[in-house]
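Below are two complexes that have subunit A in common, paired first with subunit B and then with subunit C.
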Partner chain A sequence: MKELSLNILDITENSVKAGAGLTEIKISETADTLTITITDNGSGMTDEVLKTVDDPFYTTRTTRKVGMGIPLLKLEAEQTGGNLEISSKHISNFPDNHGTVVKALFYKNHIDFTPLGDVVSTITTLIQGHPDTDFLFIHIKEDNEVSLDTRELREVLEGVPLNTYEVIKWIEENLKEQYENF
Partner chain B sequence: MKSLAELQAIKDKMKNKVVLREGINEFRVVVGMATCGIAAGARPVLNTIVEAVNESGLADKVSVSQTGCIGLCQFEPIVEVFEPGKEKVTYVKMDSDKAKRVAEEHLKGGKVIAEYTLSF
Partner chain C sequence: MTVKELANTELFSAVAMPHGEREINGVYIGDLLSWVMGRAEADNAWITIMSNNNILAVAALADTSCIILAEGVSLEDSIVKTAEEKGINILKSEKNAYEISVALSSML
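After this line comes the complex of A and B, so read on.
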(Lines of atoms letter the chains of each structure in order from A and count residues from 1; the text may use other names and numbers.)
(Lines give C-alpha, C1' and ligand atoms only; values in the text may rest on other atoms or scores of the structure.)
Protein backbone atom coordinates (compact mmCIF):
# COMPACT_ATOMS: atom_id res chain seq x y z
CA MET A 1 0.00 0.00 0.00
CA LYS A 2 1.15 3.54 -0.70
CA GLU A 3 -0.13 4.93 2.59
CA LEU A 4 -0.77 3.38 6.00
CA SER A 5 -4.16 5.09 5.95
CA LEU A 6 -5.10 2.68 3.14
CA ASN A 7 -4.11 -0.26 5.34
CA ILE A 8 -6.32 1.20 8.06
CA LEU A 9 -9.22 1.35 5.60
CA ASP A 10 -8.57 -2.22 4.51
CA ILE A 11 -8.26 -3.73 8.00
CA THR A 12 -11.29 -1.84 9.28
CA GLU A 13 -13.35 -3.26 6.41
CA ASN A 14 -12.62 -6.67 7.98
CA SER A 15 -14.03 -5.43 11.29
CA VAL A 16 -17.22 -4.25 9.62
CA LYS A 17 -17.52 -7.55 7.73
CA ALA A 18 -17.15 -9.38 11.05
CA GLY A 19 -20.31 -7.62 12.16
CA ALA A 20 -18.72 -5.03 14.44
CA GLY A 21 -21.15 -2.45 15.81
CA LEU A 22 -18.23 -0.33 16.98
CA THR A 23 -14.70 -0.18 15.64
CA GLU A 24 -12.08 1.92 17.35
CA ILE A 25 -9.23 3.20 15.20
CA LYS A 26 -6.40 4.56 17.28
CA ILE A 27 -3.15 6.04 16.04
CA SER A 28 -0.61 7.00 18.66
CA GLU A 29 2.74 8.56 17.91
CA THR A 30 5.90 9.13 19.89
CA ALA A 31 9.07 10.79 18.62
CA ASP A 32 10.11 7.64 16.80
CA THR A 33 7.15 5.24 16.73
CA LEU A 34 3.68 5.12 15.25
CA THR A 35 1.20 2.55 16.51
CA ILE A 36 -2.07 1.70 14.82
CA THR A 37 -4.59 -0.18 16.94
CA ILE A 38 -7.89 -1.31 15.46
CA THR A 39 -10.27 -2.76 18.03
CA ASP A 40 -13.69 -4.11 17.09
CA ASN A 41 -16.57 -5.90 18.74
CA GLY A 42 -17.25 -8.13 15.73
CA SER A 43 -17.59 -11.90 15.77
CA GLY A 44 -13.88 -12.47 16.37
CA MET A 45 -11.81 -15.36 15.07
CA THR A 46 -11.28 -18.87 16.35
CA ASP A 47 -7.72 -19.82 17.37
CA GLU A 48 -7.53 -21.94 14.25
CA VAL A 49 -8.27 -19.01 11.92
CA LEU A 50 -6.11 -16.65 13.98
CA LYS A 51 -3.07 -18.88 13.45
CA THR A 52 -3.36 -18.54 9.68
CA VAL A 53 -4.30 -14.89 9.09
CA ASP A 54 -0.78 -13.56 8.73
CA ASP A 55 0.28 -16.21 6.24
CA PRO A 56 -1.39 -15.74 2.84
CA PHE A 57 0.07 -19.00 1.51
CA TYR A 58 -1.12 -21.16 4.33
CA THR A 59 -4.80 -20.38 3.96
CA THR A 60 -6.92 -22.02 1.30
CA ARG A 61 -9.44 -20.21 -0.82
CA THR A 62 -12.51 -21.85 0.70
CA THR A 63 -11.57 -21.14 4.29
CA ARG A 64 -9.99 -17.79 3.59
CA LYS A 65 -11.28 -15.16 5.94
CA VAL A 66 -8.82 -12.33 5.64
CA GLY A 67 -6.60 -12.65 2.58
CA MET A 68 -3.72 -10.29 1.87
CA GLY A 69 -4.69 -7.40 4.15
CA ILE A 70 -3.02 -8.60 7.34
CA PRO A 71 0.14 -9.95 5.63
CA LEU A 72 0.61 -6.58 3.89
CA LEU A 73 0.29 -4.63 7.12
CA LYS A 74 2.61 -7.06 8.90
CA LEU A 75 5.22 -6.69 6.17
CA GLU A 76 5.01 -2.90 6.28
CA ALA A 77 5.41 -2.89 10.07
CA GLU A 78 8.26 -5.41 10.13
CA GLN A 79 10.24 -3.66 7.41
CA THR A 80 10.61 -0.70 9.79
CA GLY A 81 11.74 -2.96 12.63
CA GLY A 82 8.25 -2.99 14.15
CA ASN A 83 5.72 -5.77 14.49
CA LEU A 84 2.08 -6.80 14.23
CA GLU A 85 0.00 -8.38 16.97
CA ILE A 86 -3.49 -9.78 16.65
CA SER A 87 -5.66 -11.05 19.42
CA SER A 88 -9.21 -12.22 19.00
CA LYS A 89 -12.08 -13.63 20.98
CA HIS A 90 -14.53 -15.66 18.93
CA ILE A 91 -18.22 -15.29 19.60
CA SER A 92 -18.60 -19.04 20.22
CA ASN A 93 -16.34 -18.87 23.28
CA PHE A 94 -16.97 -15.28 24.31
CA PRO A 95 -20.65 -14.55 23.69
CA ASP A 96 -20.52 -11.27 25.65
CA ASN A 97 -17.11 -9.77 24.91
CA HIS A 98 -16.02 -11.01 21.48
CA GLY A 99 -13.99 -9.07 18.96
CA THR A 100 -10.57 -8.55 17.45
CA VAL A 101 -7.62 -6.28 18.17
CA VAL A 102 -5.04 -5.62 15.46
CA LYS A 103 -2.02 -3.66 16.63
CA ALA A 104 0.80 -2.60 14.31
CA LEU A 105 3.96 -0.89 15.52
CA PHE A 106 6.13 1.13 13.13
CA TYR A 107 9.45 2.91 13.53
CA LYS A 108 8.87 6.22 11.77
CA ASN A 109 12.47 7.10 11.13
CA HIS A 110 13.25 3.88 9.32
CA ILE A 111 13.84 4.40 5.60
CA ASP A 112 11.15 1.82 4.76
CA PHE A 113 8.44 3.50 6.82
CA THR A 114 5.26 3.92 4.77
CA PRO A 115 3.80 7.40 5.32
CA LEU A 116 0.47 7.61 7.12
CA GLY A 117 -1.15 9.55 4.28
CA ASP A 118 -4.70 10.82 4.11
CA VAL A 119 -6.37 9.48 7.26
CA VAL A 120 -9.30 11.88 6.91
CA SER A 121 -10.20 10.32 3.58
CA THR A 122 -10.06 6.86 5.12
CA ILE A 123 -12.45 7.85 7.91
CA THR A 124 -14.95 9.50 5.57
CA THR A 125 -14.77 6.51 3.20
CA LEU A 126 -15.54 4.11 6.05
CA ILE A 127 -18.48 6.18 7.23
CA GLN A 128 -19.79 6.63 3.68
CA GLY A 129 -19.79 2.88 3.13
CA HIS A 130 -20.99 1.80 6.56
CA PRO A 131 -23.35 4.45 7.93
CA ASP A 132 -25.07 2.03 10.29
CA THR A 133 -21.98 0.99 12.24
CA ASP A 134 -20.04 3.19 14.64
CA PHE A 135 -16.44 4.31 14.45
CA LEU A 136 -14.34 5.91 17.13
CA PHE A 137 -11.23 7.55 15.70
CA ILE A 138 -8.42 8.89 17.85
CA HIS A 139 -5.02 10.16 16.74
CA ILE A 140 -2.65 11.11 19.56
CA LYS A 141 0.76 12.74 19.24
CA GLU A 142 2.45 14.16 22.33
CA ASP A 143 -0.18 16.46 23.87
CA ASN A 144 -2.26 16.79 20.74
CA GLU A 145 -5.33 14.80 19.85
CA VAL A 146 -7.70 14.50 16.92
CA SER A 147 -10.86 12.54 17.54
CA LEU A 148 -14.23 11.69 16.09
CA ASP A 149 -16.99 9.50 17.53
CA THR A 150 -19.87 8.66 15.19
CA ARG A 151 -22.04 7.81 18.21
CA GLU A 152 -21.96 11.47 19.22
CA LEU A 153 -22.81 12.59 15.68
CA ARG A 154 -25.63 10.03 15.47
CA GLU A 155 -27.17 11.55 18.59
CA VAL A 156 -27.26 14.99 16.97
CA LEU A 157 -28.46 13.66 13.61
CA GLU A 158 -31.60 11.97 14.98
CA GLY A 159 -32.03 9.47 12.18
CA VAL A 160 -30.48 11.44 9.34
CA PRO A 161 -28.01 8.92 7.86
CA LEU A 162 -24.32 9.46 8.57
CA ASN A 163 -23.54 9.00 4.88
CA THR A 164 -25.67 11.96 3.83
CA TYR A 165 -23.34 13.98 1.61
CA GLU A 166 -23.57 17.14 3.73
CA VAL A 167 -22.76 15.11 6.85
CA ILE A 168 -19.75 13.43 5.20
CA LYS A 169 -18.53 16.88 4.15
CA TRP A 170 -18.99 18.16 7.70
CA ILE A 171 -16.97 15.23 9.06
CA GLU A 172 -14.23 15.85 6.49
CA GLU A 173 -14.02 19.57 7.33
CA ASN A 174 -14.19 18.91 11.06
CA LEU A 175 -11.27 16.47 10.94
CA LYS A 176 -9.24 18.74 8.65
CA GLU A 177 -9.71 21.62 11.07
CA GLN A 178 -8.63 19.44 13.97
CA TYR A 179 -5.51 18.45 12.03
CA GLU A 180 -4.62 22.10 11.37
CA ASN A 181 -3.77 22.46 15.05
CA PHE A 182 -2.25 19.01 15.38
CA MET B 1 -14.52 25.13 13.72
CA LYS B 2 -17.10 22.79 12.25
CA SER B 3 -19.32 22.69 15.31
CA LEU B 4 -22.06 20.33 16.39
CA ALA B 5 -24.43 23.28 15.96
CA GLU B 6 -23.63 23.24 12.25
CA LEU B 7 -24.28 19.51 12.18
CA GLN B 8 -27.59 20.18 13.88
CA ALA B 9 -28.45 22.64 11.11
CA ILE B 10 -27.62 20.00 8.48
CA LYS B 11 -29.90 17.58 10.30
CA ASP B 12 -32.78 20.07 10.31
CA LYS B 13 -32.31 20.68 6.60
CA MET B 14 -32.07 16.99 5.70
CA LYS B 15 -34.77 15.64 7.97
CA ASN B 16 -37.54 16.38 5.47
CA LYS B 17 -35.61 15.20 2.44
CA VAL B 18 -34.77 11.77 3.80
CA VAL B 19 -38.18 10.25 3.25
CA LEU B 20 -38.38 11.53 -0.30
CA ARG B 21 -35.08 10.01 -1.27
CA GLU B 22 -35.83 6.41 -0.52
CA GLY B 23 -36.58 4.07 -3.39
CA ILE B 24 -36.22 6.46 -6.27
CA ASN B 25 -32.66 5.69 -7.29
CA GLU B 26 -32.26 5.09 -10.99
CA PHE B 27 -28.61 4.16 -10.80
CA ARG B 28 -26.81 2.05 -8.27
CA VAL B 29 -23.05 2.55 -8.35
CA VAL B 30 -20.85 0.04 -6.55
CA VAL B 31 -17.12 0.45 -5.94
CA GLY B 32 -14.93 -2.55 -5.05
CA MET B 33 -13.30 -1.78 -1.71
CA ALA B 34 -11.38 -4.92 -0.79
CA THR B 35 -7.58 -5.09 -0.36
CA CYS B 36 -7.09 -5.37 -4.13
CA GLY B 37 -9.30 -2.36 -4.88
CA ILE B 38 -7.88 -0.20 -2.11
CA ALA B 39 -4.28 -0.95 -3.12
CA ALA B 40 -5.09 -0.09 -6.73
CA GLY B 41 -6.62 3.30 -5.83
CA ALA B 42 -10.31 2.71 -5.12
CA ARG B 43 -10.50 5.26 -2.28
CA PRO B 44 -10.10 8.40 -4.43
CA VAL B 45 -12.32 6.84 -7.11
CA LEU B 46 -15.13 6.33 -4.63
CA ASN B 47 -14.74 9.80 -3.14
CA THR B 48 -14.70 11.42 -6.57
CA ILE B 49 -17.92 9.66 -7.57
CA VAL B 50 -19.65 10.59 -4.31
CA GLU B 51 -18.60 14.19 -4.76
CA ALA B 52 -19.47 14.38 -8.46
CA VAL B 53 -22.90 12.81 -7.92
CA ASN B 54 -23.77 15.25 -5.17
CA GLU B 55 -22.21 18.37 -6.68
CA SER B 56 -24.11 17.85 -9.93
CA GLY B 57 -27.44 17.30 -8.20
CA LEU B 58 -27.74 13.60 -8.95
CA ALA B 59 -28.08 12.51 -5.34
CA ASP B 60 -31.76 11.62 -5.72
CA LYS B 61 -31.05 9.57 -8.81
CA VAL B 62 -27.86 7.74 -7.89
CA SER B 63 -26.86 5.69 -4.87
CA VAL B 64 -23.16 4.99 -4.31
CA SER B 65 -22.07 2.04 -2.21
CA GLN B 66 -19.03 -0.12 -1.52
CA THR B 67 -18.50 -3.83 -1.88
CA GLY B 68 -15.80 -6.42 -1.27
CA CYS B 69 -13.65 -8.20 -3.83
CA ILE B 70 -15.43 -8.48 -7.17
CA GLY B 71 -13.04 -11.24 -8.30
CA LEU B 72 -11.24 -9.34 -11.03
CA CYS B 73 -8.37 -8.03 -8.90
CA GLN B 74 -6.09 -7.27 -11.85
CA PHE B 75 -8.69 -4.82 -13.22
CA GLU B 76 -9.14 -2.82 -10.02
CA PRO B 77 -10.26 -0.18 -9.23
CA ILE B 78 -13.61 -1.44 -10.51
CA VAL B 79 -16.85 0.51 -10.61
CA GLU B 80 -20.11 -1.26 -11.42
CA VAL B 81 -23.17 0.64 -12.56
CA PHE B 82 -26.59 -0.98 -12.21
CA GLU B 83 -29.64 0.42 -13.90
CA PRO B 84 -33.04 -1.28 -13.70
CA GLY B 85 -33.87 -3.21 -16.85
CA LYS B 86 -30.38 -2.86 -18.28
CA GLU B 87 -27.28 -4.97 -18.22
CA LYS B 88 -24.69 -4.16 -15.57
CA VAL B 89 -21.83 -1.96 -16.77
CA THR B 90 -18.39 -2.79 -15.36
CA TYR B 91 -15.80 -0.03 -15.54
CA VAL B 92 -12.24 -1.21 -14.94
CA LYS B 93 -8.86 0.32 -14.06
CA MET B 94 -10.55 3.46 -12.89
CA ASP B 95 -9.04 6.65 -11.54
CA SER B 96 -10.44 9.99 -10.37
CA ASP B 97 -10.54 11.56 -13.84
CA LYS B 98 -12.31 8.56 -15.35
CA ALA B 99 -14.73 8.58 -12.40
CA LYS B 100 -15.59 12.21 -13.12
CA ARG B 101 -16.33 11.33 -16.75
CA VAL B 102 -18.53 8.39 -15.73
CA ALA B 103 -20.52 10.67 -13.42
CA GLU B 104 -20.90 13.31 -16.11
CA GLU B 105 -21.52 11.18 -19.21
CA HIS B 106 -23.10 8.00 -17.88
CA LEU B 107 -24.89 8.91 -14.65
CA LYS B 108 -25.94 12.35 -15.83
CA GLY B 109 -25.97 11.91 -19.60
CA GLY B 110 -27.10 8.30 -19.76
CA LYS B 111 -24.33 7.25 -22.14
CA VAL B 112 -22.05 4.31 -21.32
CA ILE B 113 -18.34 5.06 -21.80
CA ALA B 114 -17.41 1.91 -23.70
CA GLU B 115 -13.65 2.46 -23.66
CA TYR B 116 -13.55 2.14 -19.84
CA THR B 117 -15.56 -1.08 -19.74
CA LEU B 118 -14.31 -4.60 -19.36
CA SER B 119 -15.56 -5.79 -22.71
CA PHE B 120 -13.89 -3.03 -24.70
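After this line comes the complex of A and C, so read on.
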Protein backbone atom coordinates (compact mmCIF):
# COMPACT_ATOMS: atom_id res chain seq x y z
CA MET A 1 0.00 0.00 0.00
CA LYS A 2 1.10 3.56 -0.43
CA GLU A 3 1.43 4.17 3.30
CA LEU A 4 2.12 1.77 6.19
CA SER A 5 -0.67 3.45 8.13
CA LEU A 6 -3.11 1.87 5.65
CA ASN A 7 -1.59 -1.54 6.34
CA ILE A 8 -2.05 -0.90 10.06
CA LEU A 9 -5.71 -0.08 9.43
CA ASP A 10 -6.16 -3.26 7.42
CA ILE A 11 -4.47 -5.59 9.92
CA THR A 12 -6.28 -4.02 12.88
CA GLU A 13 -9.63 -4.52 11.12
CA ASN A 14 -8.78 -8.25 11.15
CA SER A 15 -8.31 -8.04 14.92
CA VAL A 16 -11.69 -6.39 15.39
CA LYS A 17 -13.33 -8.97 13.12
CA ALA A 18 -11.76 -11.67 15.26
CA GLY A 19 -13.70 -10.26 18.19
CA ALA A 20 -10.84 -8.47 19.95
CA GLY A 21 -11.92 -6.38 22.94
CA LEU A 22 -8.50 -4.74 23.04
CA THR A 23 -6.04 -4.24 20.21
CA GLU A 24 -2.63 -2.77 20.89
CA ILE A 25 -0.95 -0.96 18.00
CA LYS A 26 2.69 -0.29 18.73
CA ILE A 27 5.17 1.44 16.46
CA SER A 28 8.75 1.56 17.68
CA GLU A 29 11.57 3.22 15.83
CA THR A 30 15.34 3.16 16.13
CA ALA A 31 17.78 5.07 13.93
CA ASP A 32 17.37 2.60 11.08
CA THR A 33 14.43 0.33 11.88
CA LEU A 34 10.68 0.69 12.29
CA THR A 35 8.69 -2.11 13.90
CA ILE A 36 4.92 -2.37 13.86
CA THR A 37 3.42 -4.75 16.39
CA ILE A 38 -0.32 -5.37 16.48
CA THR A 39 -1.45 -7.47 19.42
CA ASP A 40 -5.08 -8.43 19.96
CA ASN A 41 -7.11 -10.60 22.30
CA GLY A 42 -9.44 -11.83 19.56
CA SER A 43 -10.32 -15.44 18.87
CA GLY A 44 -6.88 -16.21 17.40
CA MET A 45 -6.13 -18.64 14.60
CA THR A 46 -5.67 -22.37 14.53
CA ASP A 47 -2.26 -23.65 13.40
CA GLU A 48 -3.90 -24.72 10.16
CA VAL A 49 -5.17 -21.21 9.35
CA LEU A 50 -1.93 -19.66 10.58
CA LYS A 51 0.04 -21.66 8.02
CA THR A 52 -2.02 -20.20 5.20
CA VAL A 53 -2.28 -16.50 6.13
CA ASP A 54 0.76 -15.46 4.10
CA ASP A 55 -0.40 -17.50 1.13
CA PRO A 56 -2.29 -14.86 -0.88
CA PHE A 57 -3.87 -17.35 -3.22
CA TYR A 58 -5.31 -19.52 -0.54
CA THR A 59 -6.96 -16.58 1.15
CA THR A 60 -8.49 -15.21 -2.03
CA ARG A 61 -9.99 -18.57 -2.94
CA THR A 62 -11.65 -19.28 0.38
CA THR A 63 -13.88 -17.06 2.44
CA ARG A 64 -11.31 -14.22 2.41
CA LYS A 65 -11.36 -14.04 6.19
CA VAL A 66 -7.83 -12.66 6.23
CA GLY A 67 -7.62 -11.09 2.80
CA MET A 68 -4.45 -9.71 1.23
CA GLY A 69 -3.48 -7.74 4.34
CA ILE A 70 -0.81 -10.07 5.65
CA PRO A 71 0.74 -10.99 2.27
CA LEU A 72 1.08 -7.30 1.35
CA LEU A 73 2.50 -6.26 4.71
CA LYS A 74 4.97 -9.14 4.52
CA LEU A 75 6.03 -8.11 1.03
CA GLU A 76 6.51 -4.49 2.09
CA ALA A 77 8.61 -5.53 5.10
CA GLU A 78 10.73 -7.97 3.09
CA GLN A 79 11.28 -5.36 0.37
CA THR A 80 13.29 -3.36 2.90
CA GLY A 81 15.27 -6.38 4.14
CA GLY A 82 12.97 -6.83 7.13
CA ASN A 83 10.47 -9.55 7.96
CA LEU A 84 7.02 -10.38 9.29
CA GLU A 85 6.24 -12.69 12.19
CA ILE A 86 2.83 -13.90 13.29
CA SER A 87 1.96 -15.91 16.34
CA SER A 88 -1.52 -16.82 17.42
CA LYS A 89 -3.37 -18.69 20.13
CA HIS A 90 -6.76 -20.01 19.12
CA ILE A 91 -9.65 -19.77 21.54
CA SER A 92 -10.26 -23.54 21.33
CA ASN A 93 -6.86 -24.30 22.88
CA PHE A 94 -6.39 -21.14 24.93
CA PRO A 95 -9.79 -20.20 26.37
CA ASP A 96 -8.29 -17.61 28.74
CA ASN A 97 -5.41 -16.01 26.83
CA HIS A 98 -6.17 -16.24 23.12
CA GLY A 99 -5.24 -13.70 20.47
CA THR A 100 -2.84 -12.84 17.68
CA VAL A 101 0.42 -10.92 17.42
CA VAL A 102 1.56 -9.56 14.04
CA LYS A 103 5.02 -8.04 14.03
CA ALA A 104 6.56 -6.39 10.97
CA LEU A 105 10.14 -5.13 10.88
CA PHE A 106 11.23 -2.54 8.31
CA TYR A 107 14.60 -1.03 7.50
CA LYS A 108 13.81 2.64 7.12
CA ASN A 109 16.85 3.54 5.05
CA HIS A 110 16.12 1.02 2.34
CA ILE A 111 15.06 2.69 -0.89
CA ASP A 112 11.88 0.56 -1.08
CA PHE A 113 10.70 1.53 2.41
CA THR A 114 7.02 2.55 2.35
CA PRO A 115 6.46 5.77 4.35
CA LEU A 116 4.46 5.47 7.56
CA GLY A 117 1.94 8.06 6.40
CA ASP A 118 -1.01 9.48 8.34
CA VAL A 119 -1.23 7.37 11.50
CA VAL A 120 -3.50 9.89 13.22
CA SER A 121 -6.19 9.30 10.56
CA THR A 122 -5.76 5.55 10.92
CA ILE A 123 -6.28 5.65 14.68
CA THR A 124 -9.25 8.00 14.55
CA THR A 125 -10.83 5.95 11.74
CA LEU A 126 -10.48 2.79 13.82
CA ILE A 127 -12.03 4.36 16.91
CA GLN A 128 -14.83 5.96 14.92
CA GLY A 129 -15.66 2.68 13.20
CA HIS A 130 -15.42 0.53 16.29
CA PRO A 131 -16.40 2.67 19.30
CA ASP A 132 -17.16 -0.34 21.48
CA THR A 133 -13.77 -2.00 21.29
CA ASP A 134 -10.61 -0.69 22.90
CA PHE A 135 -7.40 0.39 21.25
CA LEU A 136 -4.04 1.15 22.81
CA PHE A 137 -1.80 3.10 20.48
CA ILE A 138 1.87 3.72 21.25
CA HIS A 139 4.52 5.21 18.98
CA ILE A 140 8.03 5.28 20.41
CA LYS A 141 11.09 6.88 18.84
CA GLU A 142 14.19 7.19 21.00
CA ASP A 143 13.02 9.11 24.09
CA ASN A 144 9.81 10.37 22.54
CA GLU A 145 6.44 8.76 22.89
CA VAL A 146 2.94 9.32 21.53
CA SER A 147 0.20 7.29 23.14
CA LEU A 148 -3.56 6.95 23.37
CA ASP A 149 -5.58 4.46 25.40
CA THR A 150 -9.33 4.33 24.74
CA ARG A 151 -9.85 2.59 28.09
CA GLU A 152 -8.66 5.74 29.85
CA LEU A 153 -10.87 7.91 27.65
CA ARG A 154 -13.86 5.70 28.37
CA GLU A 155 -13.36 6.15 32.10
CA VAL A 156 -13.30 9.93 31.81
CA LEU A 157 -16.22 10.07 29.35
CA GLU A 158 -18.57 8.13 31.64
CA GLY A 159 -20.76 6.56 28.99
CA VAL A 160 -20.40 9.12 26.18
CA PRO A 161 -19.73 7.00 23.05
CA LEU A 162 -16.22 7.27 21.65
CA ASN A 163 -17.52 7.93 18.15
CA THR A 164 -19.27 11.16 19.21
CA TYR A 165 -18.06 13.91 16.87
CA GLU A 166 -16.52 16.02 19.65
CA VAL A 167 -14.68 13.02 21.10
CA ILE A 168 -13.23 11.98 17.74
CA LYS A 169 -12.20 15.61 17.08
CA TRP A 170 -10.55 15.75 20.50
CA ILE A 171 -8.66 12.49 19.88
CA GLU A 172 -7.45 13.78 16.54
CA GLU A 173 -6.28 17.11 18.00
CA ASN A 174 -4.67 15.37 20.96
CA LEU A 175 -2.66 13.00 18.76
CA LYS A 176 -1.62 15.85 16.45
CA GLU A 177 -0.45 17.85 19.45
CA GLN A 178 1.55 14.92 20.76
CA TYR A 179 3.18 14.51 17.34
CA GLU A 180 4.19 18.17 17.28
CA ASN A 181 6.72 17.47 20.01
CA PHE A 182 7.68 14.06 18.66
CA MET B 1 -6.29 -10.68 -29.50
CA THR B 2 -5.85 -13.75 -27.32
CA VAL B 3 -3.06 -14.40 -24.86
CA LYS B 4 -1.85 -17.29 -27.00
CA GLU B 5 -1.65 -15.12 -30.11
CA LEU B 6 0.34 -12.56 -28.13
CA ALA B 7 2.70 -15.25 -26.84
CA ASN B 8 3.41 -16.25 -30.43
CA THR B 9 4.63 -12.77 -31.40
CA GLU B 10 8.33 -11.99 -31.44
CA LEU B 11 8.30 -9.76 -28.38
CA PHE B 12 6.86 -12.26 -25.90
CA SER B 13 7.28 -15.76 -24.60
CA ALA B 14 4.93 -17.81 -22.45
CA VAL B 15 5.88 -18.54 -18.83
CA ALA B 16 2.55 -20.15 -17.92
CA MET B 17 -0.44 -20.36 -20.23
CA PRO B 18 -3.25 -22.45 -18.77
CA HIS B 19 -5.91 -20.31 -20.53
CA GLY B 20 -4.32 -19.12 -23.77
CA GLU B 21 -7.76 -18.53 -25.27
CA ARG B 22 -8.47 -15.51 -23.05
CA GLU B 23 -9.00 -12.22 -24.87
CA ILE B 24 -6.91 -9.15 -24.04
CA ASN B 25 -9.03 -6.00 -24.06
CA GLY B 26 -6.56 -3.43 -22.72
CA VAL B 27 -3.43 -2.84 -20.69
CA TYR B 28 -2.64 -1.88 -17.11
CA ILE B 29 0.85 -1.05 -15.82
CA GLY B 30 1.78 -1.02 -12.15
CA ASP B 31 3.97 -2.51 -9.45
CA LEU B 32 2.29 -1.42 -6.22
CA LEU B 33 0.14 -4.50 -5.76
CA SER B 34 -2.53 -2.99 -3.51
CA TRP B 35 -2.97 -0.24 -6.10
CA VAL B 36 -3.14 -2.62 -9.04
CA MET B 37 -5.64 -4.81 -7.18
CA GLY B 38 -8.26 -2.05 -7.20
CA ARG B 39 -7.51 -0.53 -10.61
CA ALA B 40 -6.55 -3.12 -13.19
CA GLU B 41 -9.67 -4.10 -15.12
CA ALA B 42 -10.91 -7.56 -16.02
CA ASP B 43 -9.31 -8.92 -19.21
CA ASN B 44 -6.48 -6.38 -19.12
CA ALA B 45 -2.93 -7.51 -19.77
CA TRP B 46 -1.08 -6.39 -16.64
CA ILE B 47 2.55 -5.34 -17.09
CA THR B 48 4.75 -5.50 -13.98
CA ILE B 49 8.30 -6.12 -12.80
CA MET B 50 7.16 -7.70 -9.51
CA SER B 51 7.99 -11.38 -9.18
CA ASN B 52 6.66 -12.64 -5.84
CA ASN B 53 3.72 -15.00 -5.50
CA ASN B 54 1.34 -12.17 -4.54
CA ILE B 55 1.09 -11.19 -8.22
CA LEU B 56 -0.91 -14.37 -8.81
CA ALA B 57 -3.52 -13.38 -6.25
CA VAL B 58 -3.72 -9.84 -7.63
CA ALA B 59 -4.20 -11.18 -11.17
CA ALA B 60 -6.92 -13.53 -9.90
CA LEU B 61 -8.71 -10.80 -7.94
CA ALA B 62 -8.62 -8.30 -10.79
CA ASP B 63 -9.33 -11.10 -13.28
CA THR B 64 -6.67 -9.88 -15.72
CA SER B 65 -6.24 -11.96 -18.87
CA CYS B 66 -2.49 -12.26 -18.32
CA ILE B 67 0.49 -10.94 -16.40
CA ILE B 68 3.33 -9.64 -18.57
CA LEU B 69 6.68 -9.67 -16.81
CA ALA B 70 8.75 -6.79 -18.20
CA GLU B 71 12.52 -6.33 -18.49
CA GLY B 72 13.33 -10.03 -18.42
CA VAL B 73 12.10 -10.55 -14.85
CA SER B 74 11.89 -14.27 -14.07
CA LEU B 75 9.83 -16.27 -11.58
CA GLU B 76 10.69 -19.08 -9.21
CA ASP B 77 9.56 -22.49 -10.46
CA SER B 78 7.11 -22.88 -7.58
CA ILE B 79 5.33 -19.66 -8.60
CA VAL B 80 5.06 -20.81 -12.21
CA LYS B 81 3.61 -24.10 -11.00
CA THR B 82 1.02 -22.31 -8.86
CA ALA B 83 0.10 -20.11 -11.83
CA GLU B 84 -0.56 -23.20 -13.97
CA GLU B 85 -2.64 -24.73 -11.19
CA LYS B 86 -4.69 -21.59 -10.57
CA GLY B 87 -5.24 -20.74 -14.21
CA ILE B 88 -3.16 -17.54 -14.33
CA ASN B 89 -1.55 -16.72 -17.70
CA ILE B 90 1.97 -15.26 -17.55
CA LEU B 91 4.06 -13.97 -20.46
CA LYS B 92 7.44 -12.33 -20.34
CA SER B 93 9.41 -9.86 -22.42
CA GLU B 94 12.91 -8.39 -22.38
CA LYS B 95 11.43 -4.94 -23.15
CA ASN B 96 10.39 -2.40 -20.52
CA ALA B 97 6.79 -1.49 -19.70
CA TYR B 98 6.77 1.51 -22.04
CA GLU B 99 8.12 -0.45 -25.00
CA ILE B 100 5.69 -3.29 -24.35
CA SER B 101 2.68 -1.00 -24.21
CA VAL B 102 3.74 0.82 -27.37
CA ALA B 103 3.93 -2.56 -29.12
CA LEU B 104 0.57 -3.64 -27.68
CA SER B 105 -1.19 -0.44 -28.73
CA SER B 106 -0.76 -1.36 -32.39
CA MET B 107 -1.68 -5.01 -31.85
CA LEU B 108 -4.84 -4.74 -29.77
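By our rule, the second predicted complex is superposed on the first by the 176 of 182 C-alpha atoms of A that agree within 3 Å, B and C clash if a C-alpha of one lies under 4 Å from a C-alpha of the other, contacts with A are read in each partner's own complex, and residues count from 1 in each chain.
Definition applied: a residue touches a chain if its C-beta (ideal position, glycine included) is under 8 Å from a C-beta of that chain, and two chains touch if they have at least 3 such contacts.
None of the values given here were measured: they were computed from a predicted structure.
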item	value
Which superposed partner A:Thr46 touches (first subunit B, second subunit C, both, neither)	neither
Touching partner for A:Thr33 - first (subunit B), second (subunit C), both, neither	neither
Touched partner set for A:Leu72, first subunit B, second subunit C, both or neither	both
Chain touching more of subunit A, residue-wise (subunit B, subunit C)	B
Touched partner set for A:Glu173, first subunit B, second subunit C, both or neither	first
Subunit B versus subunit C as contact partner of A:Met1, first or second or both or neither	both
First, second, both or neither for A:Pro56, with subunit B first and subunit C second	second
Doubly contacted subunit A residues - partners subunit C and subunit B	1, 6, 68, 72
Subunit B-facing residues of subunit A, complex	1, 6, 9-10, 13, 17, 67-69, 72, 121-122, 124-125, 128-130, 152-153, 156-161, 164-168, 170, 173-174, 177
Subunit A partner contacts - residues on subunit B that touch it in the complex	1-2, 4, 6-8, 10-11, 13-15, 18, 33-36, 38-39, 43-44, 46-47, 50, 54, 59, 64-66, 68-69
Residues of subunit C defined as touching subunit A within the complex	32-35, 37, 52-54, 56-58, 60-61, 82, 86
Subunit C partner contacts - residues on subunit A that touch it in the complex	1-2, 6, 55-57, 59-61, 68, 71-72, 75
